[in-house]
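First chain A sits with chain B, and in the next complex the same chain sits with chain C.
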Partner chain A sequence: MKFLILITLLSSLYAKDADIASKIISTIAVGVTHKENPKIYIYDNYTPYELSKHKLNLTEHCQDADIVLISTLKGLPNNCFQKILFGTEYSNLQNKNVIGAFFWQKGRPNILFSRENLKKKHIKLSTNLQKYVE
Partner chain B sequence: MRKLLLFILLITISSAQDLDTLLEEYRNESELSKKTKNESAGNLIVYTRDDLERMQVESLKDILKSLRLFAYLENRLAQTDLLNSDPITYNSKSIRIYLNEHELLTAVTGSGLILFGDIEMDFIDHIEIYEGFPSFEFGIEPATVVIRLYSKTPKHDEGGRVKFRAGSNGSHKENIYYAHHEKDLSYFFYANKTTNKLDHYTHDQQSVQRDKTTTRFFASLSKENHKIELHAMKVNGDAFLGSFVGATPNDTAIQTSFLNITSSSTFLQDTLMFNMSYIQSKNKLNYNYDQNTLFLSGLGYVTSFDQTLTGEDFTTSLDKKWEIANHSITTGIQYRYKTFDLSDIKFNHQAPLIDQTYDVENIYSFYLEDSISLNEKHLIIASIMSQFYDRNKNVKDINTQQIRLGYIYTNKQWVSKTFLSSQEFSPEPYMTISPAYGNSNLNADVYTSIFQEFTYKYERTSTKLVLSYGTNENYPVYDINTHKMENHTGLIHGSSAAVEWAMSFREKDKINLQVNYFRVEDAYNNGEYGNWYNYVARMLNSVGKYDIFNELVINQGYDFGKTPTGYNYSLGVKYNYNKDLHINFKAENIFDSGLTHNYWIDPTTNNSIRVPTIERSVFFGMEYLF
Partner chain C sequence: MNKLFNFGKMFVFFAIIIPLMSLVSVFIYYQYQGTKEKVFNIIQSNIIDEHITLLENYADNIKQTMGKNFKKDIIKDKKIYQNAISELRLIQSAEIRYIYILYKDKDDKLRYLMDATTDTKERAYYHQLFNPLTDIWDEAYKQKIVQIATQNHIDSLWITIAYPIVIDGDVIAIIGADFDYHMYQELLKTLQPLENLYLYISIFMLIMLSIAYVLIYLYYTNRKKRFIDPLTGMYNRQYLHEYLKTSSLKEYAIMMIDIDHFKHINDNYGHDVGDKVLVSLSNELKSQLRENDILVRYGGEEFLILVHKKEDANFYLIAERIRESIMQHKIQGIQQNITVTISIGINPYPFYAKNFDEAVKITDEQLYSAKSSGRNCIKISNEKNTSQTSKRISDVISAIQDDRITCMFQPIVSMKTSKIEKYEMLLRMIDTKGNIVPPMEFLPSIRHTSIYVSITKIILEIAVKTLEENDFDLSINLDLQDLTNNDIVKLLEENFKEKKELAARLYIEILEHEEITDFEFIKEKIDALKNLGFKIVIDDFGSGFANFKYLLYLNIDVIKLDGSLIQGIHNNKNAYHIVESIARFANKMGIRTVAEQIETQEELNCIKELQVDFAQGYYLGRPSFEIIETL
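And then the complex of A and B:
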């Protein structure tokens, strides 16, 4: 019950960035998996930016996921490597198992897919995501 | 169920088609100012990162020149002093400045605005300015205005940037920053060199100048809930007119070094904050005069003056927040140790006997603030704070108290803020021990004030009215008879009114109009009032790859009507070649008709010099992100 008045003034804005980030992740997940409502697993339950988790179709187990959000590959269970791995940091793209990432860099949010890694995983992106492939 | 899923898919796809728009929206909504600002802490003015970038704000000076109720002024050593009352060196002790969680200060002046009023903004993400005797949770001592600078963060600024800028009189600036973020460890570092060359003025056959070169290094290292920062600065330059009244110097110099090491930790879901800060500062001054021009009482004719001022501060604070029912309670205990030495002085290369009345000050401070939400529309704030200033060498200790009451009403379109406060401000060492005019018997001065702010928002417009009235008791003034600072006898009255209107249009364009008026009693002439007006018109446009900035600042009535009205028109154009390469042009005070400020050379003969507070300048720059 923190500062009700400030909730009115500000907190709607607090949540707004997390809502939009979730919307971006959902859009990417649909465009990568070509599923209507893909299941998302967040490794280590950590992302460097806030997400409105209730707005995502999350699963608690990696094996049930269609796409796995990672910030690091350290300690990632083996069965997760079979899944589509999508990064939340630019550095994640250095690993060939990670097909792309949504991350902050140079003061702005970016989406980037690795052509090589997509090819290796035999993934074809939806049209709206293809402009982010490099 | 299938229809529902199809509907979700359609919505998702339609959003997906506009992923770039979503990214831009996300960038705007992720502005760090939205996380850090506190609307209930005072009369708030925010400059977001987008504002700073599109306005091409190069230094804090660019913001202070249009600050509500103030104009950008400097002291006779060419250091920032918004409330300058020449020939007193510094009169802005109550305007406090912070970098992230920690106050930038010097042991001698208290407030660090004197050193950081023109700090470059290249490593700053956003600025919050709280006017109207803001919340006590900001710091160990009270303030009339709090300026909070927030540095760029590794989380948002992974990568680096190099920047180069050059312009009028051969001035130039170069800087670089680099940031890296990982889950466990983040770092940010920044290095800058600014060489600022201004016009030289000939007065009494002497050339007076205020050029300077500033070198800065800032680094932060974060791990989980802990952060350490290092901030170092060196300034080499001219000391303009020097501290003394009586003659124009033929040469002046100032060398400043500043080192700040801080740590910040949070615990218990960020409800417990523990901060520590160590500061070391040093100022070396040198003024030279022609033979038989500067006569100082008790010293005779002086041809050279050298002084080294040194100071150290250590501050630690522990703050705790609780949410109990509809109460949000914040309390904190804080301790500050200050040591300072102004006694290293030489006149004509000879050291006189200086008896510095005290050189150590221990400040113990406590505050308690309760914000009570009556319902979704009404909030009441009650705060108390107290400090005990323990000084060594048998100089009297000082105990100060502050009380602040607030009421905030809000609905979808209206916000009303009312703040009442009574606050005692302890005199800072430069007023108590200065060999020129110090008086260690000075008492605390007391501000009593009421601020009322109304904001009305309608569609893409915002209209704001801010009214204030206040009195000051025991205001420190320079006594021309005793040549010392003395407490003014009687109350000094002041009042202000400000109207602001802002509108955003098209995608990112903004227009902002301000009129503000300040009326204050002259502490040196009982019953006389000064009335000054500031008018600001600012427009920000983004057209294709260009960001265009236009600003006109009019300052009228300063120095009790003796200063001619200043018209400062600035224009900036930024060309964004691509996301990573930007080329810019900015011109300040284009018509060379901005505000000027008068400095006394010798009041007994009415000898003074008037110079622009911000000179005409033109700069070209380039920045590249990597």
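And then the complex of A and C:
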């Protein structure tokens, strides 16, 4: 019984951050693609933080995606480079193909967009994301 | 049924003290919660104050060493940066998870100036944008004083302090310190044992409370079962005793009701019908009573009512109404058309008695009187005879204690030998003035009490002593009802069990006030006495209920002819012929005869002529405390 309570408690705590992250990713995807329900592809199926994937419109193929979440560019298929790449770590911003990143630092969610990379990709962000452009 | 719940001290304890204790316990628990919060806040404040002091010292140091150029020096001079960050790391402790310094750029955005966080993954770069989740940073800039926020939205953090570094009235940077959530948990853990203690006490009290209420429920359920007669659903005698522990007899009159000839109903229609009659009559009785009256099934077919007193209460009229209603009552649930009558005895002054048993005895006397008067009637005691009865009971108790219960001996003469062959023991009480009190003046008052058994014990002890010291036979008197009294039968057994030769010389004269209806039962009792060796005498034969039927059913040794047949027998041909018939019949049956109340020589001559075996009376010898050995 105690075990069940612990599991429920932990999963609810875990769900809190995962939900926030998913909501932010979803908002970013809409703000970047200007689509109502953009398709998201997670490369390598890895992000440094957890996501409530059922809350995202995920696709299993890069070519179908409107936006690709990456934690690294190593081994990324060529056709994916045509897509909008969005990082899950601060260091991802060093690559000019990555337009921005969302990551957790000190327990806080951080969103950053690279003005230069956005320009290069001809992407115009929605107003609500403008303040994160650097 | 509300009278069933005479709430005593136990109930007060169960129903008030325990819930009160539980409430107090809950109150204490909530008080503890408040105290815990206060203690927690105090500890939290102390921890925060302690770290604010450290941040203050750090800020003062910067002011003194670098002043307004702090930001520029940090950026330009790596050594200064190294020194500053080393000092900042010194502030970091087990409580502080992240420590960093922020500044505002020209666009008013918060950016990292330094980050002393040990974990490199969590460490921010210089100039990296800081994403504030609270407004404490802006407030610190605005108000130029330290700001504190509790991080409700971040799972890993507990509290964040924003400490502004103010130089010459301007905020040049803000030191940020995030307290680890682990610290919060540690604090809670410290207070947990105390909370657990209160919680366990409360749970314990709650369990105790539940148990207490279950026990109360069981107690009153059992109590109800114990006090309710299962057949009629009315209260039983036990309830009455329990009820009177907390109630005064002054509030009530006692009414005792006996169903007339109830045994006939059982014998003629069976016990099932008898039970239905009891149920139906008890319901009818109940319907005739007021809410304050208490109906009790006191014995087999005997009911007792505590009639609540009102100023205008006429108990006789109440009883008459009840008697009438029962007489008119049609018994429910049976096919037979049975009419039932009742006899009622009333004691309007039960509080005159010393106790409840005595009050019931006085009422029972009236009931007895009603039954003796032909049944289906009411007898009510008055103030005078109630107090007299009560006094008599007290007098008898005193007489027993003072050894003033004794016996007289009246000789019984053999008609064959003209010698005294046995004596009849006659109970007497000596009052405090030395007067002799005959048994009819005090026995009826004590007949159904334990005093009656005590007196019987005294008589039997005298009988044993007299038989041991003399050669003659003795006779003692017992009431027919005494044979059904186990205490008295036990006394006979105890006194004569090892003395069969004495028992064989003891004649038990049985006198009855009521007709025998259950001959089988009485025969059984008489046979038991005969097995102990006693001889059985039917007293007052030829009068009242004592008749030939007894000789047919019961194993009798002697019949004592009633005095009314003997007195003036020489002048009364009818009496003469009756005695002649009885004596002849008895002789043929092997039963011996005694004629009592012989007061003249003529009466004695007649008795001799009729071949009666024994005679007694004033002519032959008056009762005496001393034994008259010869005529």
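Following the convention adopted for this analysis, the second predicted complex is superposed on the first by the 124 of 134 C-alpha atoms of A that agree within 3 Å, B and C clash if a C-alpha of one lies under 4 Å from a C-alpha of the other, contacts with A are read in each partner's own complex, and residues count from 1 in each chain.
Definition applied: a residue touches a chain if its C-beta (ideal position, glycine included) is under 8 Å from a C-beta of that chain, and two chains touch if they have at least 3 such contacts.
Quantities reported herein were computed from a predicted structural model and do not represent experimental measurements.
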{"item": "Partner chain in contact with A:Y90 - chain B first, chain C second, else both or neither", "value": "both"}
{"item": "First, second, both or neither for A:H54, with chain B first and chain C second", "value": "neither"}
{"item": "Touching partner for A:A21 - first (chain B), second (chain C), both, neither", "value": "first"}
{"item": "Chain A: partner with more touched residues, chain B or chain C", "value": "B"}
{"item": "First (chain B), second (chain C), both or neither touched by A:E134", "value": "second"}
{"item": "Partner chain(s) touched by A:H122 [first = chain B, second = chain C, both, neither]", "value": "neither"}
{"item": "Partner chain in contact with A:R108 - chain B first, chain C second, else both or neither", "value": "both"}
{"item": "Common ground on chain A, meaning residues reached by chain C in one complex and by chain B in the other", "value": "13, 16-17, 90, 105-111, 132"}
{"item": "Residues on chain A engaged by chain B in the complex (per definition of touch)", "value": "1-10, 13-14, 16-17, 20-21, 23-24, 26-27, 30-31, 36-37, 44, 46, 48-49, 71-72, 89-91, 103-111, 126, 128-129, 132"}
{"item": "Contact set on chain B toward chain A in their complex", "value": "5-6, 8-9, 12-13, 15-17, 19, 22-23, 25-27, 29-30, 34-35, 37-40, 49, 152, 155-159, 161, 181-183, 323, 325-326, 328, 371, 373, 375-379, 408, 410, 415, 579-580, 625-626"}
{"item": "Residue ranges of chain A in contact with chain C within the complex", "value": "13, 16-17, 90, 105-112, 132, 134"}
{"item": "Complex contacts: residues of chain C adjacent to chain A", "value": "97-98, 100, 117, 122, 124-125, 128-129, 131, 133, 151, 154-157, 178"}
